Structure formats: structure tokens, C-alpha cells
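Pasting the structures in now, so scroll down.
Each of the next two complexes has chain A plus one other chain: chain B in the first, chain C in the second.
Here is the complex of A and B:
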């Protein structure tokens, strides 16, 4: 991608870097860009980001991890657009997102962003938690699945999976029940709304999510949607219409405002507290909703509402937008926007920081702990405040187990799980791709496994492999020798200069396959390789020993290497890339096709049993300033005999 | 990691030092037409002591230090011409003190114009400062250091005239104070202690200003702008003299521009007035519009375009987008007021010859003792030809300033060279002595005000 191909090629040079974008609307502080507030280097300001984008696309600077982080540190809070006095301001975020899209398509994005997007691709949520767990937040609430109700209550990923945000999801559900609102939820069938995916630049994935959600809503006859999160509200209200999704979308605060106006909620229980309200970006600046939350809070007896200096369209973003509630490029410092904001809230004298966004909730709760203000400032969602004023008590539920052993006791329950390329193998594939980019050649990706693993091979092809081969054989709890034998037989039939394995697998972690296959093939090998450089007939490698020691070898080809993590940064596989990879060749063979009979595949090592570690009876939560918590943690570990 | 990088990290912390291509790229630029030059490091200190540590390191390693405030001088004054350390001072953004009785504010060097304006409006609404027309990210200290002028220039002069005291880190690392603060008193006056002339107007080549005590002025409750227009540029000096004689205005600016086309060739005046009552405002309006400008209005030589209440503060400028090009630069000069007509005519001719819509402006300083006259040249950052045209126009205009008997305000390297060619030889020698005394290793913003042998 060059500047000439860039969608905003005729606009991006118009930024003067005058710095207006750093100020809030009320000019109270020059650090209202959350990334600039965090890092205070010009590169992290909006203007710096735009100038760097132009420089990258025009070839003046190269792509780098640092450039990607600068770009992805943008939380899409919209302060810059609102503040820039020049006419191209409406395209500022579009330009940044378009630049992110370029990086996505090239697969060159920060690893945390890659994980975020891959998790959504696989499990419909950024955390990578199973889809079958999405509806667990509503257990015991009596909330019904949607079946023709007035409203779809769309909870979103954070509300569905984050334990703290789940409390808010339940609280809002209880409030709506109490008000007699007719609503239902999608539960496990709910999928990510795609707002953050869109702001992260993964256009194809966003389109897919939007189209699927719109189709689902229409199939169910949904006309009205009330969202927990302003992020969902923004996507459904402003972006879904482009996909023929014309629904009547409200953020819950607007519904509560309306219910209070119609006297459908008894809030006479009151809420005695001094409260300051934080305007979330996707409700405020993105959608101009500033008054409904204030109407709701002011209506509750006992609340004294105090404004922070930076309020309404001058709000300072919590730092969680643009996926940063997960990818966390702005954390780790007292200058993190969430911590700055919490200090501002505390300075008002309020005891409650009220929010109307689950992202803000989680960001600020962590910030309160980091600031050591737990005794002085509590973060509450407005729905929780309303719930308490209505006399509703909301119960916690414990987090479900992520893994269960199946009835055979030799495997795990796989329903609801989505599989991915083994981390080590991904590094190996990236190493192969980089060699191919430098020296030419072809890459064949090989796996041994059941039909479901075709998807894994497709991802390898999408990443850049030329051909994929799957040997159809169930390897669950399989003896590595058998798998090595199958692989050796396949590889023998293929022309090969270099065979790359991941150093081990994430699940069974035997770490034996590569060495076994090398011995079977009679070729030299090296394990735990952390660097490699290839020449025509030989390869120079380093392998990692203990304490970071490296030993270096030159090995003649053909050779086999097992690749360690960290040797490179595996590129992201965009949804667009996966679609294109459908055209590449994927062969499926059986061991029989390879001349391997059943007798030859009898394992010599048999797995007896799988079991989970015993559950502990207690957990200790250590809170406070880093200096204090580090000391306490060290003491606890020492007493436990760990040190 | 090289030893200098490591040493910088030890002074300011890892996150505030970078030698990565991205930071070096961004910090290589001025926002005008000056060619970029890469620094070796970009550093953002938080305290005077950190700056001191950096300067001492720079002396030891003989590496240049280039201080940067808002970066809005548009004259290349913070471009690292010889590499070195680009020192971003904007993290030093504390407003340390506002003294209501003595009417001053003490601010760190990174405090921006916008930040101070809003702070005063909110907490001290009866006090104000002289805000320049630059974007509000411009710093108080930077504006003072370049002898800037703001919207109180007519009654109170240059912003550098409004300084009660400075704290400075010398190029050799000592921290010095000037003004009453230097003898342990409050920061309320500069005089009669030794003056501050060693650090203002030197483009950061003699030291780094870390704190400024800035005089504040009464802020009246009603503020607004009246607009007046004449067609004949020859009338501008006399109008300005007459207006300044009334002592009724806070700011008197004459300007003319090609865009919008209907305004081309006309000379507009914006006249800021302030009052604490309707009675006072009416009185001032009467003096200005009826008594002073009435003759022009009645004769048809001038027109009153109205008075609008409320000042846009911080001021918002859209000049950079006039050519949808993201760029402009201007030559600022300090000129005798009587030169306005010639400045306008000659400047317009230069603009038109370079195919740039002309924009000129003259701000009355003091009792029309002088004016800041500027010629602005917009360019399209994506079109190198327009950048070249603008640069050529700027250099021609630098020559014009001196030809017309003015001085170049905040000159870039080209303008500095022109000025030094004309400077009194003994003055030049003294400048060289001062520079050598203060900066024996030549580390402070090298390239600027370098007196050749």
C-alpha cells in the first residue's frame, strides 16, 4: 500500500499539527488526547499519528512495532475530531482507522491486537472465552431468551464475560424486570457487535459481524434494541444501517430516563451519595447523549451530583476505547488516562464515580486500585445505582471452569471450544514465511488430526503457506511416536530443504515430535531455535539454553528445526485473508494412503488419565500501591515456600 | 543501547527518551517550510533538575540540545540543525502560582497559552494575560522567549515586556534566577535587578527558560471586538495613531487578505475593547467610533462593520487550511507604523508573484511605537512546488523587512544571517562573547545566531 492507494491520500497532509486536538472543548487541559496524556511525546498526539501515517505510506519511514503501537494507542475517543477547527476534521478518525486497516491486511499489528481479533474470529468475543459461556451471566436472574419481546437486551462482550461487568448486566436486567419492560436476550447466541473491531481496522471482520447480527435480528423479528454498552449502541445505531440493519436502538440510560419520566420505576429507596458522572465517549462525543444520564442521576433521592472539570464533550476518555480495554496500550503508569480521570473524580470530593459503560467501569475500577483510593472512591454503573434505589439486590456468580474432562477421562470436553494454530507452530510458520519472502521457495503446511482441523490449515494458508496437507487421524492422547511416523512418511514424499516444527504444543507439551521426525528422516536438526538465517545450502541458527545462554550452529540442508516462541512476531490473519485462502490447495489423506496400516500405528505409550488440579479453598486479594503489594506478595510467596 | 541513550534514561526514565525512527521523524520538523533535520534523541523532561542533568550530559558528550515548547514559531527555531537532543518541554506544565494582588502568574516553561487563558477565566476571571494569535498549544515561555505579542500589545507592549522573572538552566548546567525571585522575594518584579536580555530573542541559544513570572492585567467583564474598514491603505497609519491616542482599546490590528475575494484590497481594523459596565463601554465606543473614526465614516473613507461582544479566547486560526494544504509560514517583522502602506503593497506583490493569496496583518504595539507586521504564505504540504514557492516568498520578504527599515521578528536562519550582516560590528562581537561565555561548548541550539569569525 502506498500513499497513492490510501483512501485519504488527498486529505492526510492537511493536518498542521497545531495541537488544538489535544485540548478538550472547554480548553481546561492540554492533555485530552488519552494517548498523548499517557506518553507526552508528539508522536502519540493525533497530529503526530497522522504525520507518521503519511510518512509510512509514502515510504519515508518503515513499518515497525512502535509505529503500530502508536497507531493502535488511539482509543477513537473523538476528542480530536470535535476539537479540530479545520474542515477535514470529520475524517480524522477515518484516516487513522484506514491506516490501521492497512496494517491489518498486511498482518503487521501489535500482538495484543492480533489476539483480540483472533479471539473474536474464533469465539465471538475478545477474551477468547467459549461461546457456550456467553449467557452464563444471566443464570438465576429469570431473564428470558428473546422470543418476540418488545426489546432485545443486547449485553455485549464485556458485559457477558467480564465478572465485574456481569454484575452490571444483571443489575440492568433486574431494573428492567422491575419496570415491567418486555425484553429478552440472545444468551449464547449473541455475537460481538463489532464496534471495536471496526475501530481496530479489521473491515472484513466487522462487515461479517454486522451482517450476521443484522440477519439474526431480522430473523428473530427484532425491531427495538436496548444496549448495555455505548460501544454496541454506536455500532448498531450508526453502522448497522449500512448493512440494512435499521433497528430502533437505545442505550439503556435513555430507556431508564424514559421509564423515570413515565413513573415506571420506584426509586424512592434513594441513594445517599455524592456522585460525579463520567461521560463515556461512545455515548457522549460519538452520539451527543449527555443529559439522559444526568436526568437519571438527578432524579434519584439522596444523590448530590458534582461535575468534573472536564465533562460532557470535554470528557477525558478512560483509555479503553479502540480495543484498549483489552490490548492495554495505555496502561501501566500514573499517567494512564484512567488514573488521571480517577484522580479528577476524587478531586471533586465525590464518593462515587458513576459510569454508563462497562469498558469505563472496568478501566476505572482498576485505576482506583492502582491509585490506592478504594476506601474513598467507588465506581458504580448508573444501572447499579438505579437498582439500589429500586431496592434490588443483585447476586454474584462464581466464574465457570474453562476446561472440563470428558467421560473417557482421557480427553477434554471440546464442545463450545474453538481451536487455533499452536503458538509455537505459528512462530515456525512465520519463520518459514520470512524465509520465503527473502529467498523464494514454497511452503507446505502439514498437520495430523480430525476434520475440524481443516480450519487450522486454512489459517496457515491464509497466513501465506502455499499448500496444506492434513492426514486424517485422531491424535487425541496419541503417542508422539505415531504422529512422528505419519509426519515422516508425508515429508519423505515432499521435496524439502528445511522442515520447521514448533518446539512443543500448548496442550500436551511433549516437545518430542521434531527431534523424532528428524531422526526418522535421517537429517540434522536443532531444537529451541531462537534465530535463523538461511543461505543457499546451509542455515545458521542459535538455540536457547538456560539463563539466556545461546549456542550457535551452522547446519547443512536439508535440516529440521524446532522453533521457539519469540523468534519473530507472527503476522495477523485478517478475515479477508482467510477468504482469499479458500482458493488454495488443501489435500486430505489417510494413513492408509501413505501406506501406513493400522498395525503400524499402535501406540507404545498410552495415556492413562487426565485430571484437573484440585481446587483451592481460599484466595487472597492483595491490593494497594505497587510498592506495598510487591512486598506483601513476596512475603506471601516466601511463607508458602515458593522462594 | 549507546551510553548517551542510557544516561538520558537514567535522568528522565525510559518512557521519556526515544531514538526510534518515529520520534526522530516527528521532532525533525518545524511546521513551516524549514527543511527537517533529524535529532539523535527526543527527550521530554518533567523538572528543572532533569533539564540540568541533560544539559550537563550534553556538555560532557558535546552533543547539541534544542529546546522545544509548542513548536509554533514557524521559523525553524527548534529544528535540530546539527542533530543532538530535541528537548520537548511541554511536560513541565504546572501553573505554580497566581498572585492576585501583584497581578502575576508563575508558570513552568511548558504551560500553554490556552491552559493559562482557561485557568484564569475559571479561577481568576478579573485577571488576564496577553494572548498571541498562535494556536493555544503555544507556550507562555516560548512566546516570551521570541518577544511575542498578544491581544494586549497596544496598552502593554511585547509579551517579553511583561516578564517579572525567569528561571533558566544555563548551557553549562547552572540554574539561575532573574528578577525579584533571585533574591528570595516573590516573583513580582524584574526591575531593578540585572536584566533578562541574555535569554530573550536568542532562539534558545543561550539557555533554557524553565519558569516564567508573567504579569497579568485587569480583565474587565465586558470584552468585544469592533470592526472598521478603509479602502486606502495610506490611511492605516493615521487611523492607528488616532486610535492609540484614545487609550480606549486593548488591541488594534489592521489586516488585509485576498480571501474572501470581496475583502481583497480592503484594510480592516479589529479593535478590542473592554469595560466593566455598559456606561464605560458606551463611553469608549463613543470615543472610538464617533469622535475618532467618525470623520472617516461620515466622509465615506471608512466603514463601521459592527461590534461583537465576547472575545474568542483561546483564539482559533484556520490559516493552515486555506490551500487545503496543512501548511503556512509567515514573516513577522517589527516595523514603524508609518510603513504599513508600503508593507502591504510590496507584500501583496510578492504573494501574487508566487501565486499565493496574500495575507498581511499589523498589530499596534504600545502607543503605536511600532507594529508587528506579518506576511503569511500558505502552502500545500503535499505539493513540494508550493512549499518551494512559499519558502522563496518568505526569503524575499525577509529581505523586504530590512529594506523597509524594520527588524525581522523571530528570524529563522536566513533572517538571522541577514540581520547579522547588518548588525553593528561591536554588537556582533558582544553577541559572540556572550554566546561563548554562556555556551563554551556550543551545545545550545547550534546554528542559531552563530556569529562567524
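Here is the complex of A and C:
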């Protein structure tokens, strides 16, 4: 990537860092850019990021973890865009997002962002929780699956999975039920809306999510959507039309406002509190909705609404936008924007900080605890306040354990589990890529498994392998010797200088394959390799021993190594990369094609049965709300004489 | 049943604990099967090791050669293959160590005998050998049997089998093993000293230890504050070092440090056996983890099933308050 190829090559130089992008409305203070407020360094402001981006793309500075963190600490809150006085202000945030896209394409992004995007690729949510658990929040609520209702109630990832936000999702559902709104949900079939994915620069993944959601909505005949999260609202309202998704999209606060106007909500129960309202960026600055939430709050008997000094288009972002509610590059400090904002809310004298966004809710609840303000300030979503005014009580559901053994007692239930490249193998592949980048050569990725594993091979190709070979053989829980024999037969046919394996698999953890294949091929090997340098005819490696010591070897090529975690930082595999890899051809062979007959593949080690481990000793669990559990634990530690 | 072999491993002039654990298990199996336990020690000078392992063994085979100063997989493989072919033991046991990772798989291929690694239990049922392995990150146990064969090779999980003091006085048989091969294709270059920093977590009374769930380097600061009010140090599990969030000198576990603090506070640590092996001697263990099914709750004395980001700030404050009172 060079500056010339960059989408904003013609305009990025026009920022001369006047600094207005950091201002709130009164231009007396510079703390309205959340990342700048946190770090107080020009590099973390929009202007600083633009200059760094230009320097990076023109080769004046190299990519680094630090540079990536600076770009990804942008929460896409749009304060800079609103406050920038220059004509190209409409593009300054897009310039940052385009720079993130370049990093995504190169696979060089902060590890937390990598995890976030991989989780969405695999499970359709940033937490990596199973898709089949997405609808669990609604158990016992009587909320129906969408079937020709007036509205689709789109809950989003945070409302579906975060235990606190689930309460809000249920509260809103009950309010709509009580008002007689005709609505249904998608439950486990709901997918990520992609708003954060888009702002993190993973364009292809966003396109895929948008296209899939639009197709699903159309197939179900959905015309009107009401969203729990302003983030979903923003993507569906502003971005989905580009994917032929012309739905009538509302944020729930707008629906509640109109229900109150039509006198369809009985809020006579009231809510006695002094409330201050925080404008979420994706409702306010991104979509200009400032009045509906205030109308709703003012309508509720007993509420006294007071404003924080920074409000409406001068709101201070909670620091959770642009995926930061998960990747959290702004956390861990008194100057974290959520904590600054919570102190502001507290200073108004309000007892309730009201929000209309599940991301803001979780960010502020944590900040209130960090500030020790739990007794004085509570964070509530407007839907919860309305629910209480309507006399609704909200129940809770708890999480279940993930792994179950199937009825044959020979395998685990796979529904809900998504396949990924084994951790160790990913490090091995990255090691291969780095060698290729330095010394040239080609990389062949080989796997033994059923057809579903083509996806894993595609990911390897997307990461940079040149060709992929799958041997079609079901190996679940079988003797590693059989897999080693198959792999040896393939590798023998391919010219090779170096054969890399992951040191072990995440599921079975035998750690046998690589060293077995080496013996079968008659080449030297080393397992648990944590550093690797290659020369023309030999490699220098170190391998891990117990208790933090290493031993080093020089090994002649060809050789086989099994790679341990931590040897490198595996790059992110963008969905764009995976799509390109779809065009590369995979070679599929059967053991028979390799001259291996069925009777050569009889395992010597045989699985008898699977069992869940015996219960045994269990910790004494301290249960309750965080305030209570942490307090109890502190007492227990004091009584034990720890401090 | 024919005999049982146990390979006893040593490094830095000391027998490894895992070898004594494996010998104890081997003794138990040999008594049950009424067969001989043969301990194999290999080295430049094996006298002290041989005398020690004789307490568990009916016989000790001490293989000596000047080139065997360091335990290296290739010569070990040659020696063991020779001995196994000659004496045909039913079971060959060794600890699931870094050496065994290099050694056991090729040995099983060379001898064409089945191999089960990292086993948490071994039993004899009607003359058949049954092993148990812990899979899917400790959440499932799998039992395996073997096809009919002369010998099976089994590696034992570290810390899984208690050491039971031996009371035998096995006879020691010394063998000088000549090598024809030079092993030039794989040259041992030495041990690499560990990076040394300012902190020695093995000396800390209180360790606040974090796992992958800490999500980012930035968040270490929050944990550091908790460690400070407790007067302790921050330690971590392996992924935290792999991601470069903390230096390796703070890693607890098999590949890191073994610690024995008064309090081990495990935050978002799932409790893989590799990690537990490094901290199970802590006097008091407290786990905070979102996953109620995490194995760490089986090790901990007290637990809170919750998000560390919710608990840690409150806990830090509560402790500070209690200290002030």
C-alpha cells in the first residue's frame, strides 16, 4: 500500500492540525475527543491520526503495534467531524476508517481487534459465544419469533449476549408487549448488524453481514425494524440501503416517543428520580436524534431531567464505539472517557444516568464501579425506566455450560461450536509466512479431515499459503498414528525444505503428529519450538523445556518442527482475503489416491468412551451482585490475614 | 504379563519429579499385574540416579555413555528402542515432558507400537491396558484401549500421579552403550538463559494472576492496582506472555514459574493443567471467571462467577477501605 493508492490521497494532506477536532461546543476545553481525553497526546486526536496515517502510507514511518492501537482507539464518535471547521470535514473520520481497512487487509491489527473480528466471522458476535445461544435472553418472556409482525425487533450482539444488556433487551420487549406493538425477533437466526465491523475497517465482512441480513429480512417479508442499539440503527438506516435494504428502521426511543404520543403507553406508575441523559454517538451525532429520548423522559411523572454541560452534538462518547466496548483501548484509567463522563453525570446531582444504548450502559456501569459511585449514581437504559413506569418487572436467565457429550458417548455435541484453525497451527503458519517473506519459496497447507475442513484450508490460503491440500478422511478422536501416516504419504510427494506443525491440537492435545511424521520421513525434528532462524542449509531453533528454560539446536534441512504458541503474532485473516482465497483451487485426495488402503488405516489406539470429569472438590462460590461479592471476598481475605 | 519399563528423566543433576510420580504409578501397576518394574536411567554418570530409582524398581538398567551428558531425544530413542526390542516390556512409561514430546512419537513409529500421550490415568482391566486422557481443555475425559500388541508406550501427565515412597532395593545393571551414529544432523548448542527482570514472583506472598480474559495490555494497570493494595505482584498465564502483555518472568505454570504464595488470585484464568501445575501449592486460591465451568473452580477455595472488569475495581476499593479501618 502506498499513499497514491489510498482512497483519500488527494485530501489527507489538507489537515493542518488546527486542533478543533478535539473541542466540545464552547471551545474552551479540548477533552471531547475520547481518545485525546484519555491519552492527552496529539497523536490520539483526529488530526494526529491523519498525520500519522499519511506518514505511514508514504513510508516515513513503519507499521507498529503502537500505530495500530492509536488508529483503533478512535471510537468513531464523530466529534471531530462535527467540530472540524474545514470543508473536507465530511471525510476526516472516513480517512481514519480507510487507514484501518489498510491494516485489516495487511492482517496487522491489534490482537483484541483480531479476536473481535474472528469471533464475528465464526459466531456472528464479538464475544465468540455460540450462535445457538443468541436467543437465550428471551427465554420465559413470551416474545415471539418474527412471523409477519408489523416490526422486527432487532436486538443486536450486546443485547443478546451481555448479561446486563440482556435485562434491557427484555425490558424493551415487555414494554412493547404491554403497548400492544406487533413485533417478533429472529432469536438464534439473528446475525451481527456489522456497524462496528464497518468502523473497524473490515469492509468485506461488513458487506457480507449487510447482504445476508438484507436477504434474510426480505425473505421474511420484513418492512419495519426497531432496534435496541443505536449502532444497529445506524448501520441499517444509513448503510443497508447500499445493499438494497430499504427498510423502515427506527431506534426504539423513537418508537416509544410515538407510542407515548398516541397514548398507547400507560406510564402513570411514574419514576421518582433526578435523571441526566447521555446522548449516544450513534443516535445523536450520527443520526441527529436528540429530542425523542428527552420527550420520553420528560413525559414520565416524577422525573426531573437535568442536562450535563456537554450534551446533544457535544456529548462525550462513552469510549465504547468503534468496537471499543470490547477491544477497550481506552480503558484502565481515571481519564477513560466513561469515567470522565460518569463524574460529569454525578456532578449534576442526578441519581440516574439514563442511556439509550446497550454499549453506553455497560461502559458506564463499569465506570460507576471504578469511581466508587454505586451508592449515588445508577445507570439505567431509558427502556428500563419506561418499563418501571409501566409497572413491569423484569426477570433474569443464567448461562449454561458449553460442552455436552452426545448420545453415542463417543463424541461431543458440535452444534453451537464453530471450527477455527488450531491455535498452534496458526502460529506455525505465521512462522512459515515470515520465512517466505524473508527467504522466498512456496507454502503448501495440508489437512486431513472431512469436507467442512475446507474452510480451515481456505483460511490458511487467505493467510498466505500458496496451495492447499485436504485428504478426505474423518479423523475425529482417532489414533494420531493414522493421521501421521496419511500426512507422511502426502508430504513425501511434495518437494520440501521445512515441514511445520502446530505443537499440539486444542481439542485432543496429544502432541504426537509432527514428531511421528518426522520419523516416518526420516528427517530430523524438534518439538515445542519457540524461536526459529533459517539459513540456506540449516536452521537454528530453540525449544521449550520445563520451568522457563530453553535449549537450542542447529538442525540440517530438510527438517520438521512443531511450533509452540508465542513464537510470533499471527496476522488477522480478513474476510476479503478469505473471499480471494475462494478462487484458489483446493486439491482434495482420498487415502486411496495415496495408495493407502483401508486395512492400513486401522487405529492401534481406540476410543472406548467419553465422560464428563467427576465433580470432585469445588470452590465455595460467592454469589450476588458485584458490589456484594467483591465486598464479601475482601472480608474473607482480611479474615484470612492476607492483608 | 511381561515387565513394565519406566524411563526416569534427569536434568541439571536432578531427577525430575515427574519421574518419581511415574515410578510410583509404575510400581502400583507392576504389583497389580505381578510383574517386574524396570527403571531405565540414561546418562554420562548414572550412579546417583540409579540408586535413587532402585527404591521403586525390581531392576534398574543404567545406560552409560560419555556422550549422554544432556538428555537428547535421538540417542535416547536408539537406546530405548534397543532395550524394548530386547526385553519386550508390556508397558513403557515416561513423563509427558518436553523430552518425551521429542522422543515418544518417533520411538512408537520405529517400534510400530501404539502410543498414548499425556495420560491422567492408567489401569489394567482383565489384562487390558486402559488409559484416560483429558481432552477439550479439561472439560471431557476420554478412555482409550489398545489393539493387541507386545508393547504400549504411555506418557504420564505431570502432577497427576502422587509420589509414593518406594521400599525396594532393585538390582542395578550397568550397560555401556556404544553409538555408531554421530547425530550431526541435529547439534545441541546449549541452554538459553531465561530473560531476567526485576521481579521474582516465586518470592511473593500474594499473586494477582491474569489470563487471556484481561483482553489487552492496557488493562494490566487495573490489576496492578489490586496487587498493590494487597501488597503483592502481578503474574499471569501463558497466553498473556504469548500476546506480549507481560514478560515471561511473570508466567506461572509448567513452562513458567512454580509459585507457593499465601494467596493466589486467578482472574480470567481457565485453569489448564499446565497452569495449575505451577500454582497448586498456593495456600489459598481464589478464582474470578465468567465461565462457571472453568476448571480453575475445581482448584480454588473461593470463587466468583463474574466478569473481572466488574469485580476488580470494586474489590480494590473494598480492600483499600478495610485496610484503612
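The rule is short, and it goes like this: the second predicted complex is superposed on the first by the 596 of 643 C-alpha atoms of A that agree within 3 Å, B and C clash if a C-alpha of one lies under 4 Å from a C-alpha of the other, contacts with A are read in each partner's own complex, and residues count from 1 in each chain.
Methods note: a residue touches a chain if its C-beta (ideal position, glycine included) is under 8 Å from a C-beta of that chain, and two chains touch if they have at least 3 such contacts.
Since the structure is predicted, the reported quantities are computational estimates derived from the model, not experimental observations.
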**OP:** Figure out whether A:520 sits in contact with chain B (first) or chain C (second), or with both, or with neither.
**Re:** second
**OP:** Report for A:66: first if it touches chain B alone, second if chain C alone, otherwise both or neither.
**Re:** first
Original post:
Between chain B (first) and chain C (second), which, if any, makes contact with A:87: first, second, both or neither?
Top reply: first
**OP:** Using the superposition on chain A described above, determine whether A:137 touches chain B (first), chain C (second), both, or neither.
**Re:** neither
Subject >> First, second, both or neither for A:333, with chain B first and chain C second >> reply: both
Original post:
Does chain A have more residues touched by chain B or by chain C?
Top reply: C
**OP:** For A:161, decide between first (touching chain B), second (touching chain C), both and neither.
**Re:** neither
Original post:
For chain A, which residues lie in the overlap of the chain B contacts and the chain C contacts?
Top reply: 333
**OP:** Spell out the part of chain C that touches chain A in their complex, as residue ranges.
**Re:** 11, 16, 70, 74, 96-99, 101-106, 108-110, 113-118, 130, 133-147, 149, 184-192, 194, 206, 215-216, 218-222, 229-231, 238-239, 241-244, 248-249, 251, 254-258, 262-263, 284-287, 291-293, 297-306, 309-311, 313-315, 317-319, 321-323
Original post:
Considering the complex alone, what residue numbers of chain A touch chain C?
Top reply: 110-112, 326-333, 365-366, 369-370, 372, 374, 399, 401-403, 405, 412, 477, 479-481, 484, 503, 506-516, 518-520, 524-528, 540, 542-556, 559, 562, 565-566, 569, 602-613, 616-623, 626-627, 629-631, 633-638, 640, 642-643
Subject >> Touch list for chain A against partner chain B, complex >> reply: 10, 13-20, 22-23, 26-30, 39-43, 48, 51-52, 55, 60-62, 64, 66-67, 70, 85-88, 333
Subject >> Contacting residues of chain B [partner chain A, same complex] >> reply: 15-16, 18, 20-23, 25-27, 29, 31, 42, 44, 70-72, 88, 90-91, 93, 112, 114-115, 117-118, 122, 135-137, 314, 316-318, 320-321, 324-328, 380-382
